[in-house]
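Shared chain: subunit A. Partners: subunit B in the first complex, subunit C in the second.
Right, the complex of A and B next:
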């Protein structure tokens, strides 16, 4: 197992390097640059700015300097759009915000989704099951960019219960609407996966055996059905977790949370190369890490899997 | 996430500011209105500002903040007229090349240092220095300051810039050519002073709330990127005793409909009205939905360069297309926020400018349509040979609505077939700058309140003349206007040339359309550039 983990980490390094190089060159292909603006800069002014950021160097030199900066100084470069902040600042400010609401949404979505899913499976073909299935279908049909403004209209304007946006250091009042908007569709997906997986498990022969030897139903569920039923859920949770903590531009835009999702999209629109690369590396690193964690969790859940 | 020192600074400043207030719960010294106890103004901004460094800032929302934090030589009043700022007076030499400003004795930085002429010299040199590489360095060149161009190009050392401080209270500026509107230009953020010691001590971090020292009516106390920035009354400001508003909060809210909901919920004092929503808001919230002319235009530009379509080289085609656009439908049905139909380029609200009479403006839409049909037929286009072209605009809901309406008008009236394409902003700019389009959206907001800021765009050397329109007469007239005493006659001629040549299709002139809480006093709706200062605002008791 340890050898497997080390091997996976070693593979992750070239994966990330390839990601950086690809992203670096793809960015340059996009039309326009960081200093393309409605009022074209006089050539001399543009030359001064490009010299300041080393953009006048050949691409390979820029690429090399960038990698050296990361490895030697953990410096992910400057932001072209915001002079007084560099990439590290932008990530340090935005990522904790995203991590906070993402983590809470993930916990909410997982607990609610698995709870409803298991309950629906156990009470298969009862009113509880029908409500759960109906609700998840409607929740999934409601995208968060529709839900977010509706939440603000209801809870901020009509009822006056919650602030319409902002972050305020993550106070609970500011978290409620982002968490609802972000987790709802995930609750629906997790419910569906849990329910069908649980149904399948409950119909398998080892559960029949467990019941036959006279185990009470709750023991059958918890001891025998739970672990195998969780396998598809866990493989779904890995990427979901990364997606949730790396943020959602929709949440950042509608609730002005100041999270990293918005910064990422802005960096692409602004052609703020270093910010875009920095966040891509962060996302890439997290994706690799959580895929690894999911694989490890799999081995624990399913004794058939050996590395 | 918040560092302790920043909180401390904010608390200390907050405390000093509140104790210094002379107006809370009193009455306004001029209008006599009863003032609210909490003097806080909260407004929405679309995006995070670029910077609050005066020499770096390049966006409107950043400049709004910088005007509160720093004070230049001159300010604008509610009408947009010049009033004294840090300067108490200025004189111009007979050859109009040397300006001498006297600075006030009592101007101080927020750390107590006196504001001296040397701070301006330092800031202005900073603005042109290739090392800082300011995206707004060209503004100093536009101001015609001696040697600015050479310094930016790296040919002349920075200390040769035509600005000097013979003593702490006197600033002397030398120009390379006379510039009648030079004093107006020193209300621009690029020309505001900075405190040299602070900039040197903190480098690029000097604008962070824990480091920043400023000389304006407010100090920056909090900044959370993409969320909010807060500025509070500066007790060291020379006129602090007449500043009523304690605090101004800018909230970044990207989505304008969410911003409107939050205004309705009472979280904001000011927000923009989304296109088309003004009529119902005006009905429901009379006096709070406001609209006033802005210094901006909206148009479509023909690609007249070699890469442009053959058809557009025929002036009859261009004229027919311009005639057939029913601007009233666009301003009254689509935008519906008090925008003004445009048949000429420069907005009517521009200072000392009168919109010249052009024929297209004086006839009815039915006549325009009839004439458009004749012209297009004369040019050889009709049902058997329909005119076809592409039309591009940058991605936005209202640009899309306008483009769709225009293409429908052309299709119905003239049988013209257009294909529409929207593009992401930077791609759009690139496509337009490379003349890789046929008909493209354009818009311009004046850099200063004078017609040349618009009309220069249609001269051959202009960097923004993406349609590559070239008319020797226009070029010559605009050169002449720089030194002429009576510019109106010249600008009228230029507008008439443009109306005859139709290199662009003017659509409308902008309006500022806001929801403004009725307890906000002193908003300068007559300042066409919308250069507003928090120090002139106040909150009325409800």
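Right, the complex of A and C next:
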């Protein structure tokens, strides 16, 4: 097991380095630097600015500094658009917000999806099952950017129950709509995966044995069926996590929650590459880390896996 | 056969009539056509009401994007100066004014814009899926068929690429170069083939030790020719299924980027951009601005899901 974890880490580290290098070189080949403007700067000023940001160094030195800065000091460098802030400030300001509702959505999507999926599988071919299957099939077509306006129309405009945006320190009223919008389509996917895998497990012979020896149904499900049935769900948690991260950009923009997504989109429109790269690398790193955790959890759950 | 004894009388008559027809056909020397995998799949698909219904819906959407522009009296960028002052009132959907879907926030005709947006989404979806099919199938088939360290290196590369949040890479590409259709296709093409290559590789592994491949090898056929002639045709079923399921995913990716305002540039538009614009004006009493694009978005995506599901049931024996 330890050897397996170490091997997985050995794969994860180059992935991260490749991601950083790839992003860095994308920035280099992009036409137009951060200081190209309609009114060209005097050459001396430009040279000074470039020296300030280390752009006068050879490319390899720049990349090495960037990489070392991220790895050792967790420092993504200065922002090109805002003179008084660096990328770390921007991340530190928005990230806690994004992380809060992102994690809540992730937990909601996983628990709700698994719950509905298991319930539908146990009550296979009853009205509950049919409703779950029908609803989740359509809900898969409701991504966050469709759910968000629909929720605002219903709960803010028509009913007036919930505020249409803002954060207010993370009060629960401000959390409900972002969480629902972010998790709906993933509740649907997880429900479908759980349901089909639970059905498959319940049809296998070791469950028949468990029932034959007279175990009560709840024990059959909790003690015997749950663990193998959860394996496909666990491997789907990685993609769910990525979806929460990317979806949070829409939530931040639409609900003005003040998270990192707004800064990301602004930086894309301002061509503030430093912020774009910093956020991309941060999210890429989180993804790699999370996938690592999922793999380890999977190996722990599934005795069939070879280390 | 014990089953046929219990058959009712009429069915027996029917049976004999059918067998007589077959005997007749045989007597006349006509060949009886066998049922191929594809014919079987077609029968199964046609029996699936939901999938056929979805296919019809999809067909209607496609026809609408082709025929629709002929009925449009406004172009996508023309501003109706007369009505733009009171969009919530004069800009409502009406047949008289020629704005069948009403006006958008700037006074442009939403009918023409919705058609263009739907077309953009469909084209992006289809091209993304095509890229995935071509690159993913070849990559996966080569990796699976060649095997050994080549396979190892190729699939590790996919592992690395797949764990990068691709939405950010597409946005990065779109922003750093130009925001155009071309860049959008490049960005989507870069990410869409990864899953496909994994699926295809798995299938290839199970195919490559079959007798017909051995026969081809013995006959001296080159490796690459074997992949193209013998492996790829046998993969088509699964490839078609996943390609159909990829189309809605590609549409979702494109709409997501457009919603953020980082997609195709004005005056061109796409469903994500229209939903975003409509969502921004929701509180000004212009519900049609969001209802029209969401309607087309949902119809397209849900139909594609149903068609893909139907195709999977028809073609992929594993899930039946």
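One rule holds in what follows: the second predicted complex is superposed on the first by the 258 of 307 C-alpha atoms of A that agree within 3 Å, B and C clash if a C-alpha of one lies under 4 Å from a C-alpha of the other, contacts with A are read in each partner's own complex, and residues count from 1 in each chain.
We take it that a contact is a pair of C-beta atoms (placed from the backbone, for glycine too) under 8 Å apart; a residue touches a chain by one contact, two chains touch by 3 or more.
This one's a predicted model, so the numbers in the text were calculated from it and none came from an experiment.
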{"item": "Contacts of A:139 with subunit B and subunit C, given as first, second, both or neither", "value": "neither"}
{"item": "First (subunit B), second (subunit C), both or neither touched by A:291", "value": "second"}
{"item": "First, second, both or neither for A:90, with subunit B first and subunit C second", "value": "first"}
{"item": "Subunit B versus subunit C as contact partner of A:299, first or second or both or neither", "value": "neither"}
{"item": "Which superposed partner A:231 touches (first subunit B, second subunit C, both, neither)", "value": "neither"}
{"item": "Touching partner for A:26 - first (subunit B), second (subunit C), both, neither", "value": "second"}
{"item": "Partner chain in contact with A:70 - subunit B first, subunit C second, else both or neither", "value": "neither"}
{"item": "Which superposed partner A:242 touches (first subunit B, second subunit C, both, neither)", "value": "second"}
{"item": "Touching partner for A:215 - first (subunit B), second (subunit C), both, neither", "value": "neither"}
{"item": "Doubly contacted subunit A residues - partners subunit C and subunit B", "value": "30-31, 148-149, 152-153, 157, 164, 253-254, 269, 271"}
{"item": "Subunit B-touching residues of subunit A, taken from the complex the two chains share", "value": "30-33, 35-42, 44-45, 48-49, 51-52, 81-85, 90, 93-94, 96-97, 148-149, 152-153, 156-157, 160, 163-167, 169, 252-254, 256-259, 262-263, 266, 269-271"}
{"item": "Subunit C - residues contacting subunit A, complex", "value": "156, 159-160, 163-165, 167-169, 171-173, 175-177, 248, 252, 255-256, 259-262, 272, 275-276, 278-279, 282-283, 287, 290, 294, 297-298, 301-302, 305-306"}
{"item": "Interface residues, subunit B side, partner subunit A - complex", "value": "1-2, 47-48, 50-51, 53, 56, 58, 130-135, 137-138, 141, 149, 152-154, 204-208, 224-228, 251-255, 257-258, 261-262, 264-265, 267, 424-427, 429-431, 433, 463-464"}
{"item": "Partner subunit C, residues of subunit A touching it in the complex", "value": "11, 14-15, 18-19, 23, 26-27, 29-31, 137-138, 140-143, 145-146, 148-150, 152-153, 157, 164, 238, 242, 245-246, 249-250, 253-254, 265, 268-269, 271, 273, 276-277, 279-280, 283-284, 287-288, 291"}
